[in-house]
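Got a structure for you, written out below as structure tokens; questions coming shortly.
Labels run A, B and C following the written order; every chain starts at residue 1.
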Amino acid sequence: STWQQTGRLQCRALDVESNRTFLKGDLFQLDDVIEAQQFDREILSAIFEVAREMETIEKKSRGSQILKGYLMATLFYEPSTRTRLSFESAMKRLGGEVLTTENAREFSSAAKGETLEDTIRTVEGYTDIIVMRHFESGAARRAAMTANIPVINAGDGPGQHPTQALLDVYTIEREIGRLDGIKVGLVGDLANGRTVRSLAYLLAKYNGVKIYFVSPEVVKMKDDIKEYLTSKGVKWEESANLKEVASKCDVVYQTRIQRERFGERIDLYDEARGKYIVDRNILSAMQKHAVITLEVDGDPRAAYFRQAKNGLFIRMALLKLLLLGW
Amino acid sequence: STWQQTGRLQCRALDVESNRTFLKGDLFQLDDVIEAQQFDREILSAIFEVAREMETIEKKSRGSQILKGYLMATLFYEPSTRTRLSFESAMKRLGGEVLTTENAREFSSAAKGETLEDTIRTVEGYTDIIVMRHFESGAARRAAMTANIPVINAGDGPGQHPTQALLDVYTIEREIGRLDGIKVGLVGDLANGRTVRSLAYLLAKYNGVKIYFVSPEVVKMKDDIKEYLTSKGVKWEESANLKEVASKCDVVYQTRIQRERFGERIDLYDEARGKYIVDRNILSAMQKHAVITLEVDGDPRAAYFRQAKNGLFIRMALLKLLLLGW
Amino acid sequence: STWQQTGRLQCRALDVESNRTFLKGDLFQLDDVIEAQQFDREILSAIFEVAREMETIEKKSRGSQILKGYLMATLFYEPSTRTRLSFESAMKRLGGEVLTTENAREFSSAAKGETLEDTIRTVEGYTDIIVMRHFESGAARRAAMTANIPVINAGDGPGQHPTQALLDVYTIEREIGRLDGIKVGLVGDLANGRTVRSLAYLLAKYNGVKIYFVSPEVVKMKDDIKEYLTSKGVKWEESANLKEVASKCDVVYQTRIQRERFGERIDLYDEARGKYIVDRNILSAMQKHAVITLEVDGDPRAAYFRQAKNGLFIRMALLKLLLLGW
């Protein structure tokens, strides 16, 4: 992308040779975490290793102090309490400190007319790393281009939410034990969800992956991702039969089907909603029963809350890597 | 209650034998702090002892580090800045860290449809203890039933606010020097205030207590509490003459009389309001002059601001006990 | 002022003899930081020296721990994210802890009817220093009169914002290297900005200062400041020609010209706005090129973002001085 060619912010994925090992004390390859495309398989694997170390640290009574004296700003232009608390817990579990605002729009109030770039230049003077949530696609990249300190994208509107994508892949690896050769069902609204699109993108980095798309017609996975998968040699197929798909999958990743996507066609919504929910009936059809979904959280095989915890470990790992290196 | 019989959350009050001593290092008897009924006289007394130790710690320059490495989430579904700051100060005075949200409703926004239980399962992954404020009665109990970490109820709608009840009793003991045999005037709106109801409930645990209810007819203390007091052998009487009552009391606890409780009868409101305010005239009629009220704070005998500080000590004590034990 | 004669809060500026040195460990002369008038030239100079030490501390990896165990409350009655983050960063860079509320109005909600004084008495029980932002002029002084702990005014409505005034003077000294004998252009809306008024007031403490006022007729500097400058022997002149003024200045301090000040006269606004913006054309006319302004931040000579950082150092210095002394 043109972005990769401009300024200090680089996507290093292309530079990383396979089988490189990252030595303790080495610099982290990334200056910022802006989009899922920055990560190749080798970096992912090394990050996941650090995340596993973080699980051990977090279980220890009283956490770690490796980030003591470091200060993180959570600069949120819209509230996202779940994401914010996850990052803030990650920083504090490592001994770091946090400046919080969910009111960052106030910086750019009409009276002040301050640009995002102005705000970033001010906030970077107060802190060592910025975690930013914004309502505009591309905002995180602009922030990273401006800042001389690391920026982590905690979601920029309909754009990217890379730490979510990483934690999804990490959760699948933790639940299933591997990523090569897995069979994944992506279920629900596949057209609009940035997380399911990023997940498909990242899964393409692994060998022998098979993806099943299960969705109502109106919210089918878009062609760009399908073409990308095909170009990477990833097999995929579409199906309307969730139970049959589930019986072939190692893991089912379910996104919520939102009524507002169906407009006037409430009949289609009601039909779709009933069909594509992972319930106990579907679970019993699965072989390995790893499900990442909001809907069946009473079932111990549903990885949803373990997934939230995995998000903590991934964020601890990224904070450590961006501030201290490997 | 049925609640005592279900799940892991237990009200241990009934199990505690009298004259038991709590040894340093023993586990705290309670997993969570949900309602005033959890506390019997012996636990109250032991908690008050810890609160006294906290007074010493807090006065020391630079506080304590006994909760260093522990993380508390203040999960507020509605703002209550006073209560939140009190808990957060308590945690930080002991060296602990805090994750804050006054925006917890955002978790359960329509788009996400997340239940309180879902939120608790997520937040408990980020933290060691949850202090929750909610707008629905019973919410704290539901949270405690779900969480595997301690939950403190910081007020759940018209339900309970147990740390407030504890600090009221603690304040009376600190101001008067004892709880057995005290004479307490409860003044103002006795029908609607959860704090005055909890206070009456807790005072019943002490011997020889006498309670005077002074209130306008429309906001009289309800029969359930009166019957409870009678069943516990606590003497009480009702009076319309605040000055006469004050002359017999060790302490007067005054709640605000709110206009909206009187509906159309503004005349009754105006009459009631004028009658039941503890002013200097009333104070001079009292023997020991301990007043817990908002109205006479210019007077050194009014314990209101000392009461706020006592709330800090009680909360420090509870955080210490729930996280570290006795 | 009458304020200087009442209560414990004092403006010590008058007591300070020239050439006094402040020894390490001496008490700070001020109990609170409420208004720019509290600072004389000698204290300013000593504070700036501490601020320079803070620059060194802040650049050190992992900051300082000199305020470890101290707790600051940012009690904001209206949001001001920039100011709040600056203070909170200052406290945390020194190892201190923070309680935050941007929701302080909630204390005095109609239902509770609590006064500012009541709130301060409660909050001072939770913390060691209060940084307050309020919407009413004079609120900071009232808070300082009430509190037994230091209060810093972080802006009280149209009143004072003393830390902003200090950082402006500090920035000029850092950019130009001295304050005596400097020539300063104050440009833009000079009638309404409290910062430009405080700056003129503080500059009058230095020798041989020359001030140029450049503004549209409707928002000219008011007579009170002009008379004050004259009484202190400070030379000033008014001009409508920014370029000519710039060619004579060491530093230009520009405030935004706000449309709403012009009422119906949009024509005057449009004319004024075009005339009084420091652009590259103006910059090239200047000799030393130090500009404090929002408008030309792409230019390395614009001190705006260095100014934000200077604010951090000034606030670190004040927190240190108020809590620990010299």
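Definition applied: a contact is a pair of C-beta atoms (placed from the backbone, for glycine too) under 8 Å apart; a residue touches a chain by one contact, two chains touch by 3 or more.
Quick caveat, the model's predicted, so the values are computed rather than measured.
Colleague: Taking all residue numbers used at the chain A/chain B interface, answer same if over half belong to both copies and different if under half do.
Modeller: Counting which numbers both chains contribute, under half are shared, so the two copies meet through different residues.
Colleague: Quote the value, from 0 to 180 degrees and to the nearest 5, of the angle by which the CA atoms of chain B must be rotated to coincide with those of chain C.
Modeller: Rotation angle, to the nearest 5: 120 degrees.
Colleague: Calculate how many whole Å lie between the centre of chain A and the centre of chain B, each centre taken as the average of the chain's C-alpha atoms.
Modeller: The answer is 42 Å.
Colleague: Residue numbers in chain A touching 2 or more other chains?
Modeller: 100
Colleague: For the complex, which residues does chain A have touching chain B?
Modeller: 61-63, 79-82, 84-86, 88-89, 92-93, 100, 102, 256, 258, 294, 297, 305, 308-309, 312
Colleague: Which residues, counting only chain B, touch chain A once they are in their complex?
Modeller: 68-71, 73, 97, 99-101, 103-104, 106-107, 111, 113-114, 118, 121-123, 125-127
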